[in-house]
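The two complexes that follow have chain A in common; it is paired with chain B in the first and with chain C in the second.
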Partner chain A sequence: METIKHFINTIAAPKILFNIVVLSYLIIFPPFKFFQKIHDALGVRRLWTKKGGMAIFSLMFLAFAFGLTDGNFRLIVLKPDNVPIVALLFLVVFFVWLALHQAQDNDDAIAKGGKPKEWAESREKVLVFPDLVYIEFIALMIVAALLVVWAIGLPAPLEQAANPTVSPNPSKAPWYFLGLQEMLVYFDPWIAGVVFPTVILLGLMCIPYMDKNRKGLGYYTYQDRKTAINIFMFFWLVLWMFLISIGTFLRGPNWNFFGPFEYWDHNKLEALNNINLSELVYMIWLNQGLPSNILWREAPGFLILIVYFGLLPAILAKTIFKDLYARMGVVRYSIFAVLFLMALTLPIKMYLRWLFNIKYIVAIPEFFFNI
Partner chain B sequence: MADIKPPVTNTSNTKAAANPAGDMDRRSFIKWSVVGWSAFVAVVAGYGSMVARYLFPNVLFEPVQTFRAGVPEDYEIGVSEQFKEKYGVWIVRDSEKIFALSTVCTHLGCTPNYLPVDQKFKCPCHGSGFYTTGINFEGPAPRPLERFKIYLSDQGEIIVDKTKKFQQEKGEWSDPESLIVV
Partner chain C sequence: MNANPNKPSMWEKFQSTQFYRSVFRTGIRVVSHRQRMMIMLNSVFLHLHPVRLPKHAVKVRYTWCMGGLSFFLFLVLTVTGILLMFYYRPTIEYAYGDVTDLSQQVPLGIMREIHRWGAHLMVITVWLHMFRVFMTGSYKPPREFNWVIGVVLLVLTMLLSFTGYLLPWDQLAIWAITVGSNMAGATPLLGMNGPGSNLLSIGDVNLVTPVSDARFALLGGRFVGEAALLRFYVLHCIGLPFIIMIFMIVHFWRIRKDGGISGPT
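Presenting the complex of A and B:
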């Protein structure tokens, strides 16, 4: 028992867990041929059958029940604040399964030359009143009853009056902002708090203009919109849902990482000496002092940024995004590539922090400009 | 056909005749849009000025910015947290000087905790860590904690003046006003 818990605590460390999550994503939603082969060999498509769904859920419930036997796990998971996130984990998995289950049925039907299920359904007319309104009304009653029971059963925590000189330890954002808070660990507040949220919203608004694929309108499908679904799922599942769960369950006092069965020790010591890229290049690699000129000091970082945002889109257009580039044209491809690369900076910076302890690629604290 | 005639020059009497359906002609459309937009801009400007006024309250309930912090002999080597709650200042003494550190994290403004065991300040929001000198060494904080002006009064008391701050990245920590040599 203790060995299992210890093992889970060990692999819950971000360096390991993030790799596991990314790898499972690549196998479940394979973006490249290489992963497609693994996907086929493992028979991942069986996950989206009814049996597969039962298996996923039984596993999740089992894991959860096993966790509940542990005091530290109970303390975090059953905290009234965190109960919705537990529900969210199950709901996200359920709806991903439901969508892909229906998509797989439709894809199989289309592959046999048939029509998607929705095609037949959409020919039948249903009245808004009473058919739809009744369903909505019943749903409303159930949700209202659930909220009342929930509010009585799990009272919202009341804390002390706000005091600017005391920050609760750990200080957690509301759950829907925990992804952003996790981002703030790796970025300057200007970037993670202002630029990225704006770009995320603009990027979401761009989707209908980027993705003009008419297939998949009005019916669930995976095969017809593979690229779109793969890209979206990565950012939604890995960089949003996963970060929210990490922020809720695995971030403890002093914003340190704690395994799910680990005691939240306020004195846990984790040495995280971080350096900027300029310090790494000049002081460690070149073994000299930092140049006094700011631009010269940050030249390595600027060089990397120019290559990343200037050259990389062109290189990608010639290689892995060749088809995409042909389909999208220059303008739409450029916008897509910049948005895509910006989003990828988050995992890249996470790895840089874990592997090389790099804090900022460009660090100009004199002007609040840090990337 | 009355409908296809060019619009009659606009006088108040011919309006109805020119527009039997009661549609607005171009001239009055422009007139009314000028009226409408002026009213809209006036309302927005009015509310805007109220918001702007709100940003400059008549009375500010802020703790005083300058306070007395005892005499240098009160402080042993290390970090004193006695003014953290009231003034947001740590008084730090090392082997040669006393200085006043701001308790505001330079990353996003939370209040770090002093961990005596590890000899560091650790922010609970995103995990930034600072040495007792204020230098940032872990987590995302881009620059060291700020120091405040500190000096000895004529009576030999320590005075901390929060209105003037000293930032390491601007090379201000060597300023004699930012420390008391002991």
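Presenting the complex of A and C:
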């Protein structure tokens, strides 16, 4: 038992878990042909059958039940304010399954030359009273009952009265912002807290104008809009849900990482020997002191940024995004590429940190300008 | 049942009174097709819906009910929120005590629980609604702009939840808000600790200081204190609900104007 827990604690470390999650994503929602082959070989489509759904859920419940036998796990998961996040994880998995289950049925029908299930149904008109009004009424009664039971069963958390002189460790933002707080590990507040939220919202708003694919409106489908769904799932599951879960369940005092079965020890020390790119280039590679001129000092970082945001979109347009570029046109593609590359900086910085201990690519603390 | 079928019961007599017929124009015992349509047309609330819908649109497995439930939770939060306002005073002196009293002194004191869990649930239902709309491709023309409004509603929902987080005035509240609002201090140009904060200046006088930056505007002070509590209270109870309602009206209106619920063509 302890060995299993120890093993889970070890693989839950962001460095390892993130790789597992990304790999699972690549196989389940394959964006490239290579992964498509693995996807087909493993028969991932069976996940979206009813049996597959049962298997996913049994596994999740079993894992959760196993976790509950552990005191440290219970302490974090059953914290009143964390209960909604546990619910959220189960709900998201369920609805991802439900959407793709229906998508698969429709795709199979379309592949045989048929129409999606919704098409046949949409030919028939029903009266909103009583057909819809009653469904709404029942749904709302169920949720109302659930809320009352939840409210009676679980008191809302209330800690000690506010005391500005005693800061709890860890201090966490509300759970829906924990994805952003988790980004603070890799980025300064002006990026993680201001630029990224803005870009996320702008990106979301841009979706209808980016997606030129006119197929797949009004029915569940995967095959008809693979690219859109693959990209969306990466942000929705891998970046948003995963980071929120890490921030909620696996970050303890001093925002250190703690495994799900690990005691939140306030004295846990983690070596922080991060260096900036400029230091790596000048002091370690070139074996000299840092130049005193800021621009010259940060030239390597700026160069990388210019290549990344200036040249890379053009290179991508010629290579892997060739089809996308042809479909989208210059303006749409440019906006898409910038948003997409910006989002990719997060996993890139994660890997830079884990592999080379790099803290900043451009570090100008004199102007609070660190990237 | 009535012993004599020809003799109307009291209830049936009541249904034929002038008063009853003035309230329920269509009547309660709906038997005809026409009556079912009239119910929708005569009701100010049900009028949000069309009279008829394609069949796929009333299936729970298509809509997941998430949009409707988000709206329902908003109403629950409004009602419980108003009740909570009876007992709560937004000052450092009273806030925490009022919240403790709520659970210990007020009969049936689960309003705060319903309010808090309902708020969490609303964030979840709004996200899932967005996910459903994405998965059915419902943001595609002609519904692009309603998706944009939906994103605004999503932000407002999270802001409402965020501003409400401070009000119990316990350790959880002020430190969560401290973490959150510290981000505002890092806003480029406008935040004290943001890049370019020393660019905005007149001569040697810096315009972005701890008492004039974006964080200060949010909190009404240099730290989460009395002014921040009042600001968050006003935003939570008046400001943001007002704004979110306007966007909700547009959101619902546009659903109808953009051709109703999405469906295969």
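We adopt the following convention: the second predicted complex is superposed on the first by the 368 of 371 C-alpha atoms of A that agree within 3 Å, B and C clash if a C-alpha of one lies under 4 Å from a C-alpha of the other, contacts with A are read in each partner's own complex, and residues count from 1 in each chain.
As a convention for this text, contacts are C-beta pairs under 8 Å (C-beta built on N, C-alpha and C of every residue); 3 or more make two chains touch, one makes a residue touch a chain.
What you are looking at is a predicted structure, and each value in this text was computed from that prediction instead of being measured.
Engineer: Are chain B and chain C a fit on chain A, or do they clash, once the structures share the same frame?
Structural biologist: Chain B/chain C on chain A - fit side by side.
Engineer: For A:139, select first, second, both or neither according to whether it touches chain B, chain C, the two together, or no partner.
Structural biologist: A:139 contacts chain C only, not chain B.
Engineer: Going by the contact rule set out at the top, does A:298 touch chain B (first), chain C (second), both, or neither?
Structural biologist: neither
Engineer: Is chain A touched at more residues by chain B or by chain C?
Structural biologist: Comparing touch counts on chain A for chain B and chain C gives C.
Engineer: In the superposed arrangement, which partner chain does A:126 touch: chain B (first), chain C (second), both, or neither?
Structural biologist: second
Engineer: Of the partners chain B and chain C, which touch A:256 in the superposed model: first, second, both, neither?
Structural biologist: first
Engineer: So, A:181: does it touch chain B (first), chain C (second), both, or neither?
Structural biologist: So A:181 meets both chain B and chain C here.
Engineer: Applying the touch criterion given at the start, work out whether A:167 contacts chain B, chain C, both or neither, answering first, second, both or neither.
Structural biologist: A:167 contacts both chain B and chain C.
Engineer: On the A-aligned overlay, A:189 touches which partner chain: chain B = first, chain C = second, or both, or neither?
Structural biologist: It touches chain B and chain C both.
Engineer: Could you state the shortest Cα distance, in Å, between chain B and chain C after the structures are superposed?
Structural biologist: 5
Engineer: Based on the A-chain superposition described above, do chain B and chain C contact any of the same residues on chain A, and if so which?
Structural biologist: In chain A, residues 163-164, 166-168, 171, 181, 188-189, 193, 368 are touched by chain B and also by chain C.
Engineer: Using the touch definition up top, name the residues of chain B that touch chain A in the complex.
Structural biologist: Touch list, chain B to chain A: 84-86, 88, 103, 107-108, 110-113, 115, 117-118, 122-127, 129, 137-140, 142-143, 169-170.
Engineer: Quick check on the complex: what are the chain A residues that touch chain B?
Structural biologist: 163-171, 181, 184-189, 193, 253-256, 267, 269, 271-274, 359-360, 363, 365-366, 368, 370
Engineer: In their complex, what parts of chain C are in touch with chain A?
Structural biologist: Of all residues in chain C, those touching chain A are 30, 33, 36-37, 39-40, 46, 49-62, 64-65, 68-69, 72-73, 76, 92, 96, 99-100, 103, 110, 112-114, 116-118, 120-121, 123-124, 127-128, 130-132, 134-141, 143-145, 147-148, 151, 154-155, 158, 161-162, 165, 168-176, 178-180, 182-188, 191, 193-198, 223-225, 262-265.
Engineer: Enumerate the contact residues on chain A facing chain C in the complex.
Structural biologist: 81, 84, 87-88, 91-92, 95-96, 98-99, 102-103, 115-119, 121-133, 135-136, 139-140, 143-144, 147-148, 150-152, 154-164, 166-168, 171-177, 180-181, 188-190, 192-195, 201, 204-205, 207-209, 211, 213-221, 225, 228-229, 232, 236, 364, 367-369
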